[in-house]
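Note that subunit A is present in both complexes that follow, paired respectively with subunit B and with subunit C.
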Partner chain A sequence: MSEEATNDSPMGPHGPSAAEAREEMLKAYPKKTQRKRGKQMLVNEEPGTPAEIGANSRTVPGIITQRGCSYAGCKGVVIGPIYDVLHITHGPIGCGWYSWLSRRNMNKIRKPGETNFLQYSMSTDMQEDHIVFGGEKQLEAAIQEAYDEFKPKAISVYATCPVGLIGDDIHSVCRKMKEKLGINIFGFSCEGYKGVSQSAGHHIANNGVFKHMIGVDDTPVEHKYKINILGEYNIGGDAWEIDRVFALCGIKIIGTLSGGVSYDDITNCHMADLNVVMCHRSINYMAEMMEEKFGIPWFKVNFIGLEGTKKSLRKIAQYFGEKELIDRVEEVIAAEMAEVRPVVEDVKTRTTGKTAALFVGGSRAHHYQDLFEDMGMKVIAAGYEFAHRDDYEGRDVLPNIKIDADSRNIEELTVTPDETRFDAEKPVKKKSLEESGFEFSDYEGMMRQMAKDTLVIDDISHYEMEKLIELYKPDVIGSGIKDKYIVEKMGVPCKQLHSYDYGGPYAGFKGAINFFKDIDRMTSNKIWKLATPPWRNTGEATAEKAEAVTA
Partner chain B sequence: MSCNCKQGNPDIMTADGDSPEAALPAAATRNACKLCSPLGAAMVFKGIRGCLPFLHGSQGCATYIRRYMISHFREPVDIASSSFSEDDAIFGGEKNFTAGVENVIRQYQPEMIGVGTTCLSETIGDNMLGMIKKYQDSHAGKGPPLVHVSTPSYTGTHSDGYYAAIKAVVQHFAKPLRVTMPRLVNVLPAMMSCEDLRYLREVCAMYELDATILPDYSTTLEGGSWEMYHRISPGGVTINDIEEMGAATATLEIGHTQANNKDSAGHWMEKERGVRLDSVGWPIGIRLSDEFFAAMSLIANRPMPDQIALDRGRLVDAYIDAHKYVAGKKVAIYGEPDLVIGLASFLSEIGMRPVICATGAKVKGWRELVTAEIQGGCNDVETIHGADHAKISERARELKPDLLVGSSKGYPLARELKIPLMRIGFPIHDRFGGQRILSVGYRGALELFDMVVNALMESKQENSETGYSYL
Partner chain C sequence: MLEGTTAEIRERKALRVNPAKTCQPIGAMYASLGVNKCMPHSHGSQGCCAYHRSHLTRHHKEPVVATTSSFTEGASVFGGLANLKTALNNIFSIYDPEVVSVHTTCLSEVIGDDIPMIIKKSIEDGIIPEGKTVIHANTPSFVGSHVTGFANQCKAFVDYFAESTGETKNVVNIFPGWVEPADMRELKRLADGVGVEYIMAPDTSDVLDSPLDGEYHMYPDGGVTVAELKATGDSFLSVGLGPLASTSAVESLEKKCKVPSKVLELPIGVQATDAFIDALRLAGDTSVPSEIEKERGRLVDMMSDMSQYTHGKKVAIFGDPDHLVSMVSFLVELGMVPAIVVTGTPGKKWEKKMKEIIDPVNEDCVIKAFSDIHYLHQWIKANPVDLLMGNTYGKFVAKTEDVPFVRFGFPIMDRVGHRAFPTVGYQGGMRILEKITDAFFDKRDREDPDHEIELVL
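And now, the complex of A and B:
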């Protein structure tokens, strides 16, 4: 396996083969951990038929992980961004504080008189007494107070670790207060210890949104092409860029779940003709449940990257099948690309052949590969923080995924077709399209897109990340804030793909331009050359410098 | 929480010792002015060389605390977790604890593991000391020391977690020693910036003292680029030095709340290890710095070094030059208790009126503590403890301060009131350099003074019709 790595090597110009790197990383662990991590760390030997990965398994205690908890996935990611629902965290102060505007899911109020509740972090701030005697009364008072002061349309309550343990029944408090106040009030049992990562929280959130919000408002939406975008959280304004492109195409987005979205959008979004899914991991449950209840079909899209955006727009146009829409989409693509092309052509002169590694999220480590490919860069290693096997290997493995104890604890809703609102025409249309080769309910997964003999690492630990840098020195790593500074300490620029380092949007066409410029700037920066002071420069370093200048 | 809020809010005291009439929400905390206690403990552990913080609970706690500390310090912050699952929450976390500790030791080879608890492990009542002992017994006492501090998020704030961890570390390591080294001093700082800690060391050196500063995260949380990979960020006070704290000539414990706290680490050192305690407030401004340097002179048996005296002169000179821009201006201060007291002292001494002095912590005798340090009377000073930003905002709308002083979390209020925010404390995540703000001593006061004056001048310029540039 130890053939000399060259520029054509799937792992870039430096370092050993992926298999050797894998062995090297596993070496440090005790036997048991080695076995477990071994399953989460693969060489992508057959991209066409991906090997089985040990994703969505428990984090080994003591391994410093990127993963968060169920509460973070539920409140922090999926429901937190709904700006006109008032969110109350039931628990001691930490969780409410840490999830207070710490994700960059952007929002604007739509009309005068509305309040953007995201600027508030409400917590019942449980004290020892509540832990001993129960906190239901405190929660009830908090809901009443919030109602008195803000009169919101809806209040959403999130349970943190101790709540489940002391047996507070947040759901009965919510029901009681809903009845009393006459507004929609619902709770989420998303205690941090549930599941193995924030992914459990996504599922819990999907269930709650589906039960308490979807289908509440049947007001018809008059538009020829109506869709929802599921799993787009408007980080750095991504959803707004997607909105812009869709408006140009003449497609109506009823609800974007749940970025830049209002409560009203969500309660009315079952009026759509089609659901398209961005982040498969966090919201595939919703897509499935809406199809079962209302007949709305779904397919996977990706608006991160030029090729992905074009492909996704065309597929949506084809779904509706009207020539005017298909033509309009082509016109929009042509006009937008005219703007993007000179940028990408310029940037590519500097970025082609450079390497990247991506360890982030449950879909981003896949989506962003498109953007790097657009720039002629090579992704040598990638992995998710909290995804499941289907996000790596594709949805065709779903029937073979063993349900473990942690997943079984998360409620699986039984959904049946709605007696009056199930649209029987939609499945018929879906079937006829499928016959002509159109794919629905699809996701091919990350590994199929990755090059042969690259590294796939699930839930990467700090230690493994450091090894990776030591061995390969990628030109850029896409990750999150918890890794950013350790990566940069080691002389590699790190792009935060959760928060975008205060930049963005990166979606759609204008977003791609932002991304190309940011990555170009990061991979061309010279700051680390100053790390070694001139009086310490050895002959070797000078040679390296000379090489860098000629390169 | 008792709800006698109809008679006014019990957590707010006006000048006459009354609670204001208007009832403020008390059941929910809106926009908290405090963080949870494990965060404070993690800060302390980060200030010990080779120490890896370890939180016993859900991994979310470690992750959230890491991301918050990182966004302030912009440095790597590793905190391990025992990653509880639902089963562990029911049956206890011992298995995870043991596995976690083993993995941490193998991967990071720490010199110490600082074990904090979370509301999860505290609620189920995991016996940490028992678990640690069992682990160590089964390893024949080998491996790094495990130091435990109890930090449930449902009691106290990050400040409490911080001070509790200092005490836990001192109790664990400081040996009873018969010798006294006259040039050795222990410094137990409040939750200060990295720059403050560096300056404290410099000051000690100027007094020809060898300082054991616990914690010292000045390098671990603000270091340079690495030429080689470090498992644990370099820097921090060594365990060896902590062990020898009993030989110091004195302990300088910083923070008004600790002076009053008979259970503080400094008090413990005095009682149990016979090291004299000198308690000082967070030395912000001239008077508190005078007290601080007087204590230093006493400990060191040296007069004030010329350099420091010169700093003092420059500070007074600056006060004289700029007093017309600050005198009579109203300021609202919020943050950790000891920081707020120090700032109130400083801001009142330059002629500003600290109309709101708020902390998220519940502090016994808060009003007395704060007002004792305020110059120029306290009739117009409102002191709030157990505050959240909703309460602070409510009062600020009425009292109309000209300046806000505190963490980044005051920004929405500053924007609403169209007044400047001078950022200090934790966290600062919407500006750079929070970890480099110097507040301690005359030099720190000078830096803060310039920040205050310039913030006010800038806002005056921006809101002026003419916008003169020569002021």
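And now, the complex of A and C:
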């Protein structure tokens, strides 16, 4: 038995070392499961040179996992948020129903006459005869009916599990209807069984958006500083807070992929000077492909957390390299920080030294560490739900990642420079900046930022989460809806970092204030203290226990 | 809001817009949570399980644990046998349930996995520990709706567990249908009041409304036990509430163990609750205690007090077939006028039954099965109503049309009361009436000009 950890312990004031906790968690598993999970659970022994983690591997059947499916990653996350595209799920009713307004990727119409299709759930509602005889005719009719009734500018179709199995060719139906109706219509083969998690769906979505939307509209955008933000989904209005800050700085965002975004924004966003990437996991494919085709360079940013936001704004200003922009960004930061500082100073008096553990998404478990750091809190354990090794260990491991059968089935597009639209000046500028130490196509991953000897757990299971809480009693857990009430039954508050518990925004400066206040409230909440009735604390046995003793 | 919705209704044969139903497996998962120490297991892609758990959690604000076979492309091609066997081994080793309740998904249905064969193999291979049980229900997502899945799961409880020892016991089986944990608790209270012994299956009370006491219990105290499920075969009567949700289970029990059955409508409102109480009274050969009669009287009293506000009010309502039959009957009792009734679940017979209920007050009521919320919305744009009732998804319609809205059915993800307060029984009737009149009064208080604001209503 190890000595009780001290307050300076990387794992907080309670519980054993991370290595002991890891052993303890693995103990309950059958041998094969133990081996498999063991590779996905690491002690962050050398943060500078992260160890190899078994990420993006199959979920062990029977383990209570957080993960969802490819359809959820494609329709639910990446394409679903585009408000003026009409989205049709091809399949039985469930998939379309569950992904209807459940992800809080906010959007609003820009002008009268538009329709926000996010408030609608449309599906081919496949019945048994479609399964037996094929569903292509049903899909074709559904597209026609959707067009007749709503007159959208584009229609997007999503395949669910049975569609792939019965062999419906959604792409040929989409091509046919595109020709017939004269609007952009495209499909995504994002059947739920593809890949090992939502992540496969992100990749499929990136491919489809790149093929069918990017570069469709060459209207020039007149602005000195034009960028896209990739991998920002406007949960709780995050993208709108980022928009506000960028507007103050005088930087034009053409497209935010894909939060608070319109079809037109996306078709025109190849006119940008620069792509900055928020969620590396879900959209790095797009950043790479746009660079190949149009020459637009990209780098990683993070607008979650004060330090991350400041650093990201400064880096963007430096990319453009003009003094007026660099100065303007400093002025904006100073003005915003004047508002944030008193809040964070006040909150820190209560949150400093408290502990958190984050298990969520493919970037959030990393990004939110910045916000907790801002509050003086310690992240003792973290892990993603569906990320890959590069999101943990950094992009320098990319050449060493083995492509397994599950990933090989996801199409990898071959992209070449566009004959007329590749901007040769951009790579030149990139090169010269790189020579001065500026980093592009960068992501150093989660583990480098985490403290030495903390726990890193990929695709955490229910059992591991329960054990973690039992051993360490963190002051707050960041996770999702499926975990929330499990964690809270144990008397530990759980912040949903997918839906923000219906609050937010948490990005940028005003978002940080919201987050600090929410976490302060949750970690100071006195309701938890009511969980135990007073008579349980008097040492007197309850009736039930007394019976047990006498029995 | 809902800018694309106009009053012009076009016939749609292929496109479902804003569904008033979801798929079978979530119903099977909900039913399985009503069995003590039972782990629901979704045999398919892990997304199904994630979606069902998420939605049930959003509705109940409670832990909803379930496992999945986590199909990948390989399993989809070669079949899910290996995945399910691995899953069962892990589930019993790590989570130690008494029962694993496997339901299928569209994926495993399409590839034709033979679950009983896989269970048999797992028993032979020693994966299922002595004394533990794995059961299954086929719940193809492309047939029926979530309520069908609930019904199929309830039938599976009977098919796997019910046993007849040959000795009939003085016990009534109550299959409560798809109602809230609070409703199941209320049904038990009423049965206790009438003085009959009963087994309720499934029973999600004390599972999906467990207390916060600082400890997490993967298997809370509630749920019908395996012993009770076995004993259902010795009861002298089964009462199935809600024909769609409960008929197949009670009929199967009748066939298997010769337990006579009676299917009633869900006890919502006066007469449907009367039928339930009366059935219990006759079964138990008891008399209805004055406490329950007083409850009934209090409901009728409140209905009389409020009738000036409910009489003649036009209602648009959507939801699940069993819920709608009883709720619409209650609306008719209240003197209200159902104007349009929509369910997403297919069912011609249901349409006919609804018509019989509504005809006496409104022969022109639009009654549609296998329809959707979008249709209902378009219809009320041209035919304004005084009240909208339905699940959470109705709030967008209510806001767009500025019509009072009472949440009812599954799911309710944006209010908290449904988890604590029943809508079944006489007390439930009072709660529904309170909600309806509150919705009317709140609108008046908000919108009436100052000189017309009423202090007393």
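Keep this in mind: the second predicted complex is superposed on the first by the 534 of 551 C-alpha atoms of A that agree within 3 Å, B and C clash if a C-alpha of one lies under 4 Å from a C-alpha of the other, contacts with A are read in each partner's own complex, and residues count from 1 in each chain.
Note that a residue touches a chain if its C-beta (ideal position, glycine included) is under 8 Å from a C-beta of that chain, and two chains touch if they have at least 3 such contacts.
All values reported here derive from a predicted model rather than from experimental measurement.
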### Task
Using the superposition on subunit A, decide if subunit B and subunit C clash or fit.
clash
### First (subunit B), second (subunit C), both or neither touched by A:92
both
### Query
Does subunit B (first) or subunit C (second) touch A:343, or do both, or does neither?
neither
### Task
Determine, under the contact definition given at the top, whether A:19 touches first (subunit B), second (subunit C), both, or neither.
neither
### Message
If we overlay the two complexes on their shared chain A, which of subunit B and subunit C does A:413 touch? Say first, second, both or neither.
### Response
neither
### Query
Which of the two partners, first being subunit B and second being subunit C, lies in contact with A:216: first, second, both, or neither?
neither
### Task
Name the contact category of A:150: first (subunit B only), second (subunit C only), both, or neither.
second
### Message
Tell me the contact category for A:522 with respect to subunit B and subunit C: first, second, both or neither.
### Response
neither
### On subunit A, the residue positions that both subunit B and subunit C contact, one per complex
28-30, 33, 58-72, 88, 91-100, 102, 119-128, 130-131, 138, 141-142, 144-146, 149, 160-162, 164-166, 192-198, 405-406, 409, 462-463, 466, 480-482, 484-486, 489-491, 528, 531-532
### Query
For subunit B, which residues count as touching subunit A in their complex?
1, 3, 25-32, 34-36, 38-39, 54, 57-68, 70-71, 74-89, 96-97, 99-104, 106-108, 118-120, 123-124, 152-155, 157, 223-227, 229, 231, 390, 412
### Message
Looking at the complex, which residues from subunit A come into contact with subunit C?
### Response
28-30, 32-33, 58-72, 88, 91-100, 102, 109, 113-117, 119-128, 130-131, 138-142, 144-146, 148-150, 160-162, 164-166, 192-198, 405-406, 409, 462-463, 466, 480-482, 484-486, 488-491, 528, 531-532
### Summary
The residues of subunit C that touch subunit A in their complex are 1-4, 10, 12-19, 21-23, 25-26, 41, 44-48, 50-55, 57-58, 61-76, 83-84, 86-91, 93-95, 105-107, 109-111, 140-143, 145, 210, 212-217, 344, 374, 393, 396
### Message
Going by the contact rule set out above, which residues of subunit A touch subunit B in the complex?
### Response
28-30, 33, 58-72, 88, 91-100, 102, 119-128, 130-131, 138, 141-142, 144-146, 149, 160-162, 164-166, 191-198, 405-406, 409, 461-463, 466, 469-470, 480-482, 484-486, 489-491, 528, 531-532
